[in-house]
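Shared between the two complexes below is chain A, which pairs with chain B and chain C, respectively.
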Partner chain A sequence: MKRSAIAMAVLAAATLPAGAAEISDGKVKIGILNDQSGVYADFGGKWSVEAAKMAAEDFGGKVLGAPIEIIDADHQNKPDIASNIARKWYDTEQVDSIMELTTSSVALAVRNISEQKEKIDLVTGAATTELTGEQCSPYGFHWAYDTHALAVGTGGALVSQGGDTWYFLTADYAFGYSLEDQTSDFVKQKGGEVLGSVRHPLGTNDFSSFLLQAQASGAEVVGLANAGLDTANAIKQAAEFGIVASGQRLAALLFTLSEVHGLGLEAAQGLTLTESFYWNRDEASREFGKRFYERTGRMPNMVHAGTYSGVLQYLKAIEKAGTDATKPVAQVMHEMPVDDFFARGAKVGANGRLISDVYLMEVKTPEESKEPWDYYKVLATVPGAEAYIDPAQSGCDLAKP
Partner chain B sequence: MAAIMTTTTRSRRRKAINAETVLIALGVLALVLAPLYVYPVFLMKVLCFALFACAFNLLLGYTGILSFGHAAFFGGAAYFTAHAVKEWGLTPELGILVGVAGAAVLGLVIGFLAIRRQGIYSTMITLALAQMFFFFCLQAPFTHGEDGIQGVPRGHLFGLIDLSESMNMYFFVLAVFLLGLLAIWRIVNSPFGMILKSVRENESRAISLGYSVRRYKLAAFVMSAALTGLAGGLKAIVFQFATLTDVSWHMSGEVVLMTLLGGIGTLIGPIFGAAFVTTLSNYFATSQLPVTLVTGVIFMVCVLVFRRGVIGEFYASRLGRRLSQPKTEHCAEDEPPRS
Partner chain C sequence: MIFDIPIQAFLGQLLIGLINGSFYAMLSLGLAIIFGLLNVINFAHGAQYMVGAFVGYLLLTWFGIGYWPALLLAPLVVGLAGMLVERLALSRLYDLDHLYGLLFTFGLALVLEGAFRYWFGASGKPYATPEALSGGYNLGFMFLPKYRGWVVVASLIVCIGTWLLIEKTRLGAYLRAAKENPTLVRAFGINVPLLLTLTYGLGAGLAGFAGILAAPIYQVSPLMGTNLIIVVFAVVVVGGMGSILGAIITGYMLGILEGLTKVFYPEASNIVIFVIMAIILLVRPAGLMGREA
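Right, the complex of A and B next:
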């Protein structure tokens, strides 16, 4: 990774053009900071770094004549390590912006530092709506997804597909409650009914009693308001209990292609979930998916594709602004529509939220899947304006009318 | 003959004290100059963890109680300080005191229950209670769940010194660290500390000598918790947040690791261990190697090769023995057995 960056820098130095004067330190440096060895290593991880590098290469390796450099670090899900690295990058290593930022505690910590130091941060890996709510920043952006979009996608759109009655399996802490509450709201708005919910402690291994309650409730949809390993365990055990086979639907609120791949179709079939990207959706996404697959041996999920899109948009904004100074670039990013395979004609709200479509998907059965990584059927497309909180209502001071 | 003996020990003692003061002065000087060469935020992190490990060592190394719940005091104090500074608008030094007080109260409760049993049972009680505290933090509204308390202002020390300047912050952290270390040194080298050591060596004998061992253990537990709270509160001010990472059981494990690596029951050992572990996790963050795997292997190698910890092995080596010889406890060991 370092070698290619150095090669790029050398190449650029050999052909140093005049325009580089507008770029601070003669190069644009983007830091990808995420979990590369812990529980989210597949969710974002090194694959996001690859996606960012692809974006830099596709842009031509240079912006306004200055070389683009992508560096990365593994924050190990510890906000103090992330904070230390972020400060060091900004203070001593001329990093112009930090992106990806998996896990909300890390994303919020880096958000505060970036705002203080007037640098751009672009989050693709964290779910919290705080980032574009009370903790929004004029230089902060949130791409790819958030808890609100997931709740609208799975909660609202699934009711329209006929899933009228719901029962929740909720992780017993703030994240679980907020997912359950938000999703219930959309279920009710669309005329659905919530029959009940059961709370399980974080890190549960045995879901049998919770799943039995869900089964006994007779609800059409069992919603999993939890994350990571808890969701995976619940899905595996639900397959053993035959929840999907007996006609109930299982809806995971935070689950991506990477986790479906980890579980395998046998266990995950019939699961419904929401993502803002699917590689096999159209020609452009397939083309990106194939190229990503050639480099990494896996297909991208919404975090990887979102990171690509974020890096590309940032570089486009630098080119348009004619400088890499934070304020003009941030302004261009707020004004310029995002137009790539990830988001088409999408806009960034005043609170920094990228408002793009999200998709309700169903995991295929092993028989339906025709090729490796052919995992989803797209059930519905939820327009961005419906999926994300209206910036004016988001609680962000910058977006107040 | 006896007269000669005493004069040589005395001069040796004087020499050793000089060597010790010189070493301490060099150490402090190195810490004062360090921010010129090393990134200050990283140094502050090392100092916070070093104080944490030293406080933990007060309990494990000098009293012989292995607590697997120190994360509750560390992370708990971070939450209390962060909340006091952010929501109540206290100055940083008062906020840290709130953290220390909170950790001391937690220490009193957890310690009171844990010292009723010994060895592994006591350790399991600390772990269980710390896990209960973790789940409390996960669900309590004031901690903001997995988002954590974010954007804690560093504020002005005593209302005067602006701590958002990283140099000011560094010297504040250094001062608190040295004070904490001094407190630990004082506790260890006092009659009270001697009794703690006697409890560690032979609890029943201490009881038979008429000491109320439980009270001493509880006092040590609370002191260790309060000093851990000092480190936790300080960390919340340095990093401007308090999150679940600091109350999770991994953190309790990490401090055991630091102390073991450096050397149990030595004053400098935990500092070394803390510096080593934090440097590793920071260094490997930007490398291509998996961090957890590498730290695991290094830990195994250290435990196999340096059984007393790195600093412990140094003390046990010839050079280390010569430096620390005149101390009465070591002197007794060095004397040839009487025939």
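Right, the complex of A and C next:
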């Protein structure tokens, strides 16, 4: 018996991949933690998990000879549930990094834990600039977008396109205020004017009262500083009340391809929004979009594409560092440029912010749309350096000059 | 100008309040019927409303059946499904405490919402306004979409029709009698369990009707009922649990009140109904039109 046990051990050691010595626990495990059943289930959800799996497969399924494993969980938009899962993953399930993290409150909670445990977290689904500001971590990264980029894109760029008087419909909580404030700043910076705003409770079904007020204001742009179903309902009812048809512009501050699809072009046409990715942008994005579509039956938005890019970059960094230990990998991720279909020649700031271009889009009319998911016209490209806060000004201690 | 609010805005909000009140009235009517006649607190009402909207959506996308037939079919489907649920499950709970009915319907609502979210995703599905009702009228003080006007008309017809059915017809008389004394009514050879099943079907069908009516206005989403059901319960409580006329009148009234709050102090617009409810519970616990138990 004893001899066979030794033989087994020798055999196991002999079959272990050569490079795996540098990989802890013999594999690289990435946890995708996001909302899979609530209001953001289409915004990120299981589609982000699929995008992460695609990145792992495209990388070859192995890094430094060790297998890559993607696991996922639903945090139900509750920071306490997310924290428990994150602790369990790090402590007992050998997860090396946690990604996606839709919803700012969740992302900030997991950021804390990751920093304490010296693990890498890469956020693609949450919006708050805190993640690369005061709450930044040497092992924390923020991909895809943030409230600042959305405000610059929609607020700033739209003024340049002639929309210089604004009226806001704002969700009555912290996220709504910060979107409205940041956007107002850029509107004013570009010489625009904010005529007023109305605050509606979170989870409002009927926007007609607020839309009437926006209509009465005579503003050229009605800005929707809210998210999810609130935005969808506001847009649908704005179409009903003839807001866009009567010449006002509707700008959604946080809205992606997934939500446009849910709403349909009939209601969403003419809407302006900002995203950091559009599948129909160039050859490489179309190629990814098609492959993603074959697996999921839908086209990716910036969160899905961003998650792919984040996972891929993490794997590249492990390969370059020659280990999956947190500190060397994080260092490589800060230094190595990001170059894939999502972000071309982009850099990561000292605060962990991926600085890549964002696009101001207009939703096409049903007549303009040539094929399924052909939804956007690109109105303007905002260079990354303009879209994101300069790392040195971000309030992040790591980036202080 | 009234309190610094232009008269146009005031009239506009009054009209909008009436439109929202139409939904409250239709939904609370169904709840009141089910509670009044079955003594069941139907927490699945919001989910049935959501299913009504989805039935409309599915009829259109799977079978190409448009809005007008769906207006009839959706309540029918939801009503029949409701009857099935009543027959198989709810009817077994009548002898137990109210709480069992409440818990069962609450669970049913969660299951329905979960299932629809699984099948159709969280961001919902679009449903276009029917051709004949798109566009609108410029009333001078506001732009009234034709469809919204239709909602008020349809809901008034349904509310009055249902009230007449229960208060003025023979069937309604049986129903009310079955509530007062089921044993005696049964002794007259009337099939009381069947009456109860029909009643639940009627209540659920009303929710389904409100659902298909709402589909062109709101995004058809699995969560559309959750947002509404609590408000509708408050309406029923204010009107008086089980009072049908109370539910209808309170529905319109609170809709208008909510509309006005949106002009004067928008942040409070989703709690004003509950403030009224609290006051009513303190002053008149049986509700505006309810009888003291």
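Throughout what follows, the second predicted complex is superposed on the first by the 385 of 401 C-alpha atoms of A that agree within 3 Å, B and C clash if a C-alpha of one lies under 4 Å from a C-alpha of the other, contacts with A are read in each partner's own complex, and residues count from 1 in each chain.
Simple rule for what comes next: contacts are C-beta pairs under 8 Å (C-beta built on N, C-alpha and C of every residue); 3 or more make two chains touch, one makes a residue touch a chain.
No experiment lies behind these values; they were computed from the predicted model shown.
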item	value
Which superposed partner A:128 touches (first chain B, second chain C, both, neither)	first
Which superposed partner A:172 touches (first chain B, second chain C, both, neither)	both
Touched partner set for A:204, first chain B, second chain C, both or neither	second
Which superposed partner A:262 touches (first chain B, second chain C, both, neither)	second
Chain B versus chain C as contact partner of A:398, first or second or both or neither	neither
Touched partner set for A:380, first chain B, second chain C, both or neither	neither
Chain B versus chain C as contact partner of A:37, first or second or both or neither	both
Which of chain B and chain C A:213 touches, first, second, both or neither	second
Contacts of A:233 with chain B and chain C, given as first, second, both or neither	second
Residues on chain A lying within both footprints (that of chain B and that of chain C)	37-38, 172, 201
Chain A residues within the chain C interface of the complex	37-43, 45, 172, 198-201, 203-206, 208-210, 212-213, 215-216, 228-229, 232-233, 236-237, 240-242, 246, 258-259, 261-264, 266-267
Chain B - residues contacting chain A, complex	39, 41-42, 45, 135, 138-139, 141, 144-148, 150-151, 235, 239-241, 243-246, 281-282, 284-286, 288, 290-293
Chain A-touching residues of chain C, taken from the complex the two chains share	6, 8-9, 12-13, 16, 19-20, 114, 117-118, 121-126, 128-129, 136, 142-143, 145, 147-148, 216-219, 221, 223-224, 227-228, 259, 262-263, 266-267, 269-271
In the complex with chain B, residue positions of chain A that touch it	1, 36-38, 71-81, 83-85, 87-88, 91-92, 103-105, 108-109, 111-112, 128, 130, 135, 172-175, 201-202
